[in-house]
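The structure under discussion is supplied below as structure tokens; questions concerning it will follow.
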Amino acid sequence: MTTKTSNAVESAASGEKKLTKKDLNKVVLRSLGMEWDWNYERQMNMAFCYSMLPVIKKLYDKPEDRIDAMKRHLEFFNTTPQLSTLILGITAAMEETAANDPSFDKESISNVKVSLMGPLAGIGDSFIWGTLRIIATGVGVSLASQGNILGPLLFLLIFNVPAQGLRYYLMHMGYKLGSGFLQKIQENGLMETLTYGASVLGLMVIGSMTAGNVAVNVPLVIGEGDAATTFGDICNTIMPGLLPLAFTLFIYYLVSKKNVKTTTLLLLLVAVGLVGSFFGILGV
Amino acid sequence: MTTKTSNAVESAASGEKKLTKKDLNKVVLRSLGMEWDWNYERQMNMAFCYSMLPVIKKLYDKPEDRIDAMKRHLEFFNTTPQLSTLILGITAAMEETAANDPSFDKESISNVKVSLMGPLAGIGDSFIWGTLRIIATGVGVSLASQGNILGPLLFLLIFNVPAQGLRYYLMHMGYKLGSGFLQKIQENGLMETLTYGASVLGLMVIGSMTAGNVAVNVPLVIGEGDAATTFGDICNTIMPGLLPLAFTLFIYYLVSKKNVKTTTLLLLLVAVGLVGSFFGILGV
Amino acid sequence: MTTKTSNAVESAASGEKKLTKKDLNKVVLRSLGMEWDWNYERQMNMAFCYSMLPVIKKLYDKPEDRIDAMKRHLEFFNTTPQLSTLILGITAAMEETAANDPSFDKESISNVKVSLMGPLAGIGDSFIWGTLRIIATGVGVSLASQGNILGPLLFLLIFNVPAQGLRYYLMHMGYKLGSGFLQKIQENGLMETLTYGASVLGLMVIGSMTAGNVAVNVPLVIGEGDAATTFGDICNTIMPGLLPLAFTLFIYYLVSKKNVKTTTLLLLLVAVGLVGSFFGILGV
Amino acid sequence: MLVQAILLGLVAMLGNAEYLLGTSCLSRPLVMGALTGIIMGDIPTGVTLGATLELAFMGSFSIGASIPPEMISGTVLGTAFTISTGSGLETALTIGIPVASLVLIVKNVGMVFILPPFVHKADDYAAKGDMKGVARMHFLGGFFGVNLIIGLCVAIGFYAGGPAVQALLDIIPEWVSNGLQITMGLLPAIGFALLLNMIMNKKVACFFVLGFALSVYLGIPTTGVAIFGAVAAIVLSQLQHAGSTQVALEGGMDDDDEDF
Amino acid sequence: MLVQAILLGLVAMLGNAEYLLGTSCLSRPLVMGALTGIIMGDIPTGVTLGATLELAFMGSFSIGASIPPEMISGTVLGTAFTISTGSGLETALTIGIPVASLVLIVKNVGMVFILPPFVHKADDYAAKGDMKGVARMHFLGGFFGVNLIIGLCVAIGFYAGGPAVQALLDIIPEWVSNGLQITMGLLPAIGFALLLNMIMNKKVACFFVLGFALSVYLGIPTTGVAIFGAVAAIVLSQLQHAGSTQVALEGGMDDDDEDF
Amino acid sequence: MLVQAILLGLVAMLGNAEYLLGTSCLSRPLVMGALTGIIMGDIPTGVTLGATLELAFMGSFSIGASIPPEMISGTVLGTAFTISTGSGLETALTIGIPVASLVLIVKNVGMVFILPPFVHKADDYAAKGDMKGVARMHFLGGFFGVNLIIGLCVAIGFYAGGPAVQALLDIIPEWVSNGLQITMGLLPAIGFALLLNMIMNKKVACFFVLGFALSVYLGIPTTGVAIFGAVAAIVLSQLQHAGSTQVALEGGMDDDDEDF
């Protein structure tokens, strides 16, 4: 906070860099393409960097600073796209501080990005895909199934008014958070608490979505006659959904411990599906 | 504690004021009318003050002390009536301490009253109205529906033996708490913990009762034909009971932030019901 | 830890006593009879002591030390039998430390035994009896009900491979814990945390098993005609399963506060069952 | 006829006097129905109708400032007319329920216009140190502000007779009676809001939502939520004071004895 | 006949010897039924009856000091008589279940009168430092106190024959057999009470209620409760030690590595 | 015919362009069906088929790296063929669903072989400080790597005609299409694993299991779990910082004001 204030004073004297509302709105606009070139390697990295370009241009003059910043923002990034502006806003604010305060530790920018994108995705996916989309679909389908063209129109409206409104709002809120609350929180050592809380929420949501969206069926028959059961049913006796849970944790293990690439996993799962289907071990 | 003991020593010497069991029983008797003149402005205030009169008379001799005490107990009060004696007991004990120890901060009496009545109401309403009454009704109705006069009699017995027994017991327990445990707790700074725990329990119970007792139906139709749904159903997709929850929180907001009076709210809800019914927006 | 290391150094010099893998395996073998002479007085005490004999023989030379150790291990012991080796392992490691370090407080051995056996039983019973056995039974019955002899065979395999595997594994893990982690934990004052966590889990599991396995039915009719209910149903209105819960807590009270012997309780329950059945108060 | 009317009025006043007698549930239909039966000379029918109306009003009880339908008048008039005309169960319901809504409005008029002056008068007496005055206001306020009104409604209603009451009820269009019923569903929100206002602050607000969510998602009844709530309260209180001396909530002892 | 009786007695003793062989579930009806089938020369029927009785005794298992019905004798006699008389499934149940209750009583006589002397004798040997003596008591106690008794019950029962056993069972009035069954439902409470006595103290008592409530209100099976319990245990342990070095329960490491 | 093929290709590209336009759900069957209807000259049928396919693809959405079936091509071709041949609802489904699985594979070929070079090229530009270059790679990568491919699939598919597409689909044996559907069920695991990789560490891992268990044991939907999760997050954060200054998560204030 003190840094902030003294900077503000400095800024009157020297030429302190300051992002305007217009700059932030440019970022909002660019963020619309957050999933345009989503790739298996670093996911939203290009779109994130592209969204940050106006900020980078405004804040940094020296080429090496710009190169640095671009590299920083070409790193892995992924979150619920409509809410990505929250992190863009926070990041923009932190870049601003960094541009004006040479002693600012730029690594903390990446840290904040990384620590927020996961929980935000967990919460956001549940809200955007699991709730908002379902409501919009409910209304849309109920009209469209009668051939009423209002169906798709209302669908788009109900989905996008809150979603894009949030996108806009979160950018500015993120910027404010980034330059005020978040710095205070970091000074007070509360960042850890915040991430902890967000992780608790995010993980629970991911757990619930895993239960609903990952499907692993093993219709392998055990026993004979009326009393016969399947391997899948026996697993469900231990815990309902044990197989999807174990499978997801296994993939997690491959990703986090064995550093298996996403593309490899993709091909692997196609193979597993085909082989499992061929031998009748896995079912739909 | 030390104050207490030294007071006890003093009392042998000087004329220390001490409430007897008989005094407390008088209060129990008077507490029976706790809801007799329940009013929208300060709810049980008159009955509470009336119940405290024997205590005030016994403990204070000077008119200004009595006036002070009466004013104090004519303030807002509300809790589950059958359990009100818990707070009466605690309050009586604190008045006793106050009467004997001039340095005692009398505001703390009001504080304890206020901080306990809410949680006690939450827990008590659930027990008295939600559980005890339902059990008594169950037995009573099962007999009465055959025309058996034992039905209403057993109903009254099953309800009142525990309810009024509790009323008696809580008075004396409250008095003991107020002169022992509660003071110790206050000295140890545990009062906050106690209120915290009671609030957790009380709020959860109120939340549950809100879910069961507030009814907001919006049968506004959206969509056409087979796929049509109502506004209410869409809200339930987001969260079952979202409307009653939101409505209750809105009323809470009016009460706590806008200081809207209870009488106003009452008239408002009558109006809302009538208007909603007239236009078919709200349903039974 | 420091004690441990300095002992290790000593051991090179003097003749320090050390348990080998072979010794531990002997204990595993003997632990198979953990329930062979289970008795109402001290439950698994004889089998536990018998299992520890090889350890006692190896570690102690002086007769008084051996007598001491035998007495120690003839005390009350009970836990899920297949998992008893965890505690045997820990105990063996602690005896080893005691044998080499005269300043070691031997009472802590009994303390650790006592504080771990309860939570382990709670968790273990749920896993071994509630989960593993049910799965094995499911598979076994589904085959056997067609007369297929594979049913009982698979049943035994599915149950015993994990159960006895665990028995073996836990012995060695227990030994390692007892000579490393557990001592560190005790030094760090984390033992309490560990017991706390284990108790939380153990108690929840016992609570759940109580709900599923204790049956108290009171078919006493209250009311007449169609509206009649039973005493049991009224209790279930307060809380489902209130009677089994209250009954279990009452037995607990007899056991823990009144020190009623298990044999007495046994006879009591037979009497209660017969009398209740005779007068029609209790039902199946 | 007049005597019966007066007696029924007194029964109704006795019902409302439960609030002077320990909130002892005298006003419930189960009790009022039986007493009406005694006055009308047909106890079994009175008791049976009481049971029927009790089930109908099961969900009506007062929480905080939410006042439920005025069951007393509903029950007494519903039961009395059913017995006097010898008609069936439905009559008790079709008269009792709308009467209860209607008299609630009359009762509220009393509580808004008649009762408050007594409350303010009590303040004056207190300021003068007049204990007797405070006590007097307490008794008179409740009597004139509520009790008498209900008695009058019942007595007059019965004296006017079933057809007159029915005619009055028939004037009311359906959307109004529907509207009043909707309001009955909304009213408890005031009670809960006032309770919340007494307890809630930022730190604990989430527990209100938790209790609500437990009920709507898992269908746990309130007693069940109270059990889960008690566990939460105990554990969280312990954690809050971890490190400092722990107090056992139930027993008020300073130390945590292991042998429970 | 005599030979078969002796062999069945040995089968029963083998079943009970599961307690010498790792509590390996040899005594379960599924296994006992199959072995009885072998002795009786009709394996498929033995196996099938074992499966039937296993389902009937599914809920019977020992927790703490609660001893379930003596399934071994019930299964062996029930199966043997069914095969020898060539009757249907029901016979196995109608004989097996009451026999199991009856022999449980006989078994308890052994555990109350015969076993304890061995336990006390072991104390004496220990006091003298006689390891061999302690070991001997261990083996003999289990054998004479329990194992042999069950074997004898089965052998004698089979030798006496189905009608005799049936006659014995028929003497028992219905309220007695009902009463014994009620007792079977109460018995587990002793087991749980003893477990509680080992773990419970004021601080954690609420978790017992929590586990119970989760099961009765939400119908969560025990494994499910164990999962929720594990989460609670981990989180609460962490919180208790917040501030001080946190220990990761699963791995026993001192620090909390972020890359799991 | 050719013109329609090109227009349908453009509609498909517009659908995929939702990822340039705020992930605005343009690609959903509900929207694609309507637009296809416009091009094919039968709006009501297009809208209705869109609704049908929307329901079929309800569970298909992208989480992390799990890519759902390529609904755009499925919807556009399914709808277009149904309208052009005048056949019933089922046609849209029997063509739409397998086409979506098939084109997903083609799309993945693009994402695995065509898109990555653009990503790496962007790194080079960044290293040189060339902002325009980075921006260019962003646009071109998405266009050539994904967008164009989908457009081509649709245009070519429609031009080849229903029978040709059907023939292509018929070649695929059942175990393959089954296998692909199984894979669709497995794919989300990658998405969740990547999310977990971003958040999970030893300390909080149990909450993943908790969320899962709440859903499978109690059937709570994800929003419900989020509500319970929010309560847990708030309470646990508070406890973690108990003692030190407490921060109210929602408002960012330093102190805990009692009047909420």
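In this document, chain identifiers A, B, C, D, E and F correspond to the written order of the chains, with residue numbering beginning at 1 in each.
As a convention for this text, a residue touches a chain if its C-beta (ideal position, glycine included) is under 8 Å from a C-beta of that chain, and two chains touch if they have at least 3 such contacts.
Given the structure is predicted, the values throughout are model-derived calculations rather than measurements.
Participant: Can you tell me the least number of steps between subunit A and subunit D, where a step is a move to a chain it touches?
Facilitator: The fewest steps needed to get from subunit A to subunit D is 2.
Participant: Count how many hops through touching chains it takes, at the least, to reach subunit E starting from subunit B.
Facilitator: 2
Participant: Name the chain pair with more contacting C-beta pairs, choosing from C-E and A-C.
Facilitator: If we tally the contacting C-beta pairs, C-E comes out ahead.
Participant: Call it same or different for subunit D and subunit E: same when shared residue numbers make up over half of all numbers used at their interface.
Facilitator: Different: fewer than half of the residue numbers at the subunit D-subunit E interface appear in both copies.
Participant: Based only on mean CA positions, could you tell me how far subunit A sits from subunit F in angstrom?
Facilitator: The answer is 14 Å.
Participant: Express in whole angstrom the distance between the two chain centres, defined as the mean CA positions of subunit D and subunit F.
Facilitator: 54
Participant: Using the average of all C-alpha atoms in each chain as its centre, how far is it in Å between subunit C and subunit F?
Facilitator: 51
Participant: In angstrom, rounded to a whole number, how far apart do the mean CA points of subunit B and subunit C lie?
Facilitator: 46
Participant: Identify all positions of subunit D at which a residue touches two or more other chains, and write them in rising order.
Facilitator: Residues 51, 200-201, 203, 205, 207, 209-210, 213, 217-218, 220, 223-224, 227-228, 230, 234, 236, 239-240, 243, 259-260.
Participant: Any chance you could list the residues of subunit A touching two or more other chains?
Facilitator: Answer for subunit A, listing residues that touch two or more other chains: 131, 134, 141, 145-146, 148, 227, 238-239, 256.
Participant: Quick one: which chain pairs are touching?
Facilitator: A-B, A-C, A-E, A-F, B-C, B-D, B-F, C-D, C-E, D-E, D-F, E-F
Participant: Of all residues in subunit C, which touch subunit E in the complex?
Facilitator: Listed in rising order, the residues of subunit C that touch subunit E are 32-43, 45-47, 49-50, 53, 56-57, 63-64, 66-67, 70-71, 74, 78, 81-82, 114, 117-119, 121-123, 125-127, 129-131, 133-134, 136-137, 140-141, 144-149, 151-152, 155-156, 159-160, 163-164, 167, 177, 181, 185, 188, 190, 193-194, 196-217, 239-241, 244-245, 247-248, 251-252, 254-256, 262-263, 265-266, 269-270, 272-278, 282-284.
Participant: Of all residues in subunit D, which touch subunit E in the complex?
Facilitator: Counting only subunit D, the residues touching subunit E are 218, 220, 224, 227-228, 230-231, 234-235, 238-239, 242-243, 246, 248, 250-251, 256-260.
Participant: Which residues of subunit C touch subunit D once you look at their complex with the stated criterion?
Facilitator: 227, 238-239, 256
Participant: With touch defined as at the start, can you tell me which subunit E residues reach subunit C in the complex?
Facilitator: Listed in rising order, the residues are 19-26, 28, 30-31, 33-34, 43-45, 47-48, 50-52, 54-55, 58-59, 61-65, 108, 111-112, 115-116, 118-119, 122-123, 126-129, 131, 134-135, 137-139, 141-142, 145-146, 175-176, 178-190, 192-201, 203-205, 207-217, 220-223, 225-226, 228-230, 232-234, 236-237, 240-241, 244-245, 247, 249, 252.
Participant: For subunit E, which residues count as touching subunit A in their complex?
Facilitator: Residue positions touching the partner: 51, 223-224, 227, 259-260.
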